[in-house]
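First the structure, in the form of structure tokens, and then the observations on it.
Labels run A, B, C and D following the written order; every chain starts at residue 1.
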Amino acid sequence: MDFQLTVRQDAITDEAALKAVQAAVAKGRELGCAMVTAVVDPGGNLVACVRPTGAFVASVGIARDKAWTAATFGLSTDDLHNAVAEPPHLHDGIASRDGVVLFGGGLPLRHEGRVVGGIGCSGGSEDQDRACAQAGMVALGLS
Amino acid sequence: MDFQLTVRQDAITDEAALKAVQAAVAKGRELGCAMVTAVVDPGGNLVACVRPTGAFVASVGIARDKAWTAATFGLSTDDLHNAVAEPPHLHDGIASRDGVVLFGGGLPLRHEGRVVGGIGCSGGSEDQDRACAQAGMVALGLS
Amino acid sequence: MDFQLTVRQDAITDEAALKAVQAAVAKGRELGCAMVTAVVDPGGNLVACVRPTGAFVASVGIARDKAWTAATFGLSTDDLHNAVAEPPHLHDGIASRDGVVLFGGGLPLRHEGRVVGGIGCSGGSEDQDRACAQAGMVALGLS
Amino acid sequence: MDFQLTVRQDAITDEAALKAVQAAVAKGRELGCAMVTAVVDPGGNLVACVRPTGAFVASVGIARDKAWTAATFGLSTDDLHNAVAEPPHLHDGIASRDGVVLFGGGLPLRHEGRVVGGIGCSGGSEDQDRACAQAGMVALGLS
């Protein structure tokens, strides 16, 4: 073959995804909030999601979109926000796109240099959402 | 008060939802298929979802829609199919509505006479989907 | 680690995707039709698409949906059609879902036992669509 | 006939569209970024699109929308942004419409005074997106 047929693109397992979701939900409980958490694969497709009792119904979509944004841009939602902060019309143009979230609580999950998924948390303050997504990532031994 | 202000509407916990999801996924594994499973509350909003490694990406939406259909109509997707089988224009009208699924694999979760949620499975044959949704329900001690 | 973090999920390169698209378009020209061809990755996301001059505008969406269906179900659109042919309400329920195509012209692209993408063709008769998708796959040395 | 029946509306060929796409992708590689590039016809319908390995999945939609915006308004996305900058309610009204992109990276393709298509690039900084769209246009001998 005179061309490259495939490129390796690992994806998070459901076992790992659920482990991350449960760690994020537990962190939320510790912080006193019901934290919806979603994990997607590198293509942005859902692998696992839990909405703890008492959480906002609306957070299901937000958590999923944060995970999607982080996985498909390969950047945390905070880093993407910074990357498009200026000029304002760029920020607004990206912010208004379906599925894109530019506030905290979405992290790409990277392993051996590859994006293997994304995690998104919604249900508390922006800082609480961030802390829970972080806790989910750390539970997988990732950073 | 000369009117009744509220009506009791119990909802499945995330703990129970995840237990049901994991039982359905395990049943799928036993049957040799990767079974996406979703559980929703009585309002049709997602509580828990897992897509096992190897499952169809397209099944995420189907499982969620089966759970939504079962919870929001209070009928299994099979029973709803029978209920609207005739006349044809009724069937077609219901079948074509967003989110409605009329084939097997979605069950309402009932406790003490109330619908407390719904479970939907997608990833195998119609019979496999049914068996896994059933396994999820049974894992909660419901019938 | 006491859990499996990732699963390998290779994806077609843009180089290979474009090679397949061009082979399918060339086959269409040979058959006398302008064949829109799309290739997606295993997550169903677009990698390459060409609409040859003279092709139906509407075929852009059909080709993409065929590729998406084949990649995300891991089955050709014909095989999926057969898998859900009976009972009729299962067929109709799957057929009516957004993005699902159950007629010929969509093939999964498999390499070393993994789905690495999907190809979809639209622009001719069902048989011409099938022949072109096949030609695209064969151009990659896949079967 | 006492009325004019038709108006000439030339469209870019798939051959030219692919040439532009490949030039833009190559320019992106030179700049160190994986640049999704889309070309549409004067009606805003897709003619060719390539997402290079490693590019953001989310860029597929952005590149297509930039090309659509440029072709269907007959203005670069930057010029359209300037044209609707004031008053704010005009800007916001246009910016929020489906498919409209008001940041850099989309160019109309003009030949002999007619818009024959549009090119859109997404995957780098706004300046990188602009440079790649420009490279695609220049590869066709247009300006």
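Rule of thumb we're sticking to: a contact is a pair of C-beta atoms (placed from the backbone, for glycine too) under 8 Å apart; a residue touches a chain by one contact, two chains touch by 3 or more.
Keep in mind the model is a prediction, meaning the values are calculated, not measured.
Asker: Between chain C and chain B, is it the same set of residue numbers doing the touching on each side, over half shared, or a different set?
Answerer: Different-residue interface.
Asker: Distance-wise, how many Å sit between the C-alpha centres of chain C and chain D, to the nearest whole number?
Answerer: The separation of the two C-alpha centroids amounts to 26 Å.
Asker: Where the CA atoms of chain A average out and where those of chain D average out, how many Å apart are those spots?
Answerer: 30
Asker: Take the average of all CA coordinates in chain B, do the same for chain D, and state the distance between these two points in whole angstrom.
Answerer: Each chain reduced to its C-alpha mean, chain B and chain D end up 44 Å apart.
Asker: At which residue positions does chain D touch at least two other chains?
Answerer: 53, 57
Asker: When you draw the chains as points and link the ones that touch, which shape shows up: line, ring, star, complete, or other?
Answerer: Drawn as a graph, the chains match no named shape, so other.
Asker: Could you pull out which chain B residues touch chain C in their complex?
Answerer: Per the stated touch rule, the residues are 53-54, 56-58, 61-62, 81, 91, 95-96, 101-104, 126.
Asker: Where on chain A is chain D touching in the complex?
Answerer: Checking each residue of chain A against chain D gives 7, 42-44, 69, 71-74, 87, 89-90, 92-94, 96-100.
Asker: Quick check on the complex: what are the chain D residues that touch chain C?
Answerer: Residue list for chain D touching chain C: 11, 13-15, 17-18, 25, 43, 45-53, 57, 60.
Asker: List the residues on chain A that touch chain C in their complex, please.
Answerer: 1, 3-13, 15-16, 19, 41-45, 111, 116, 140-141
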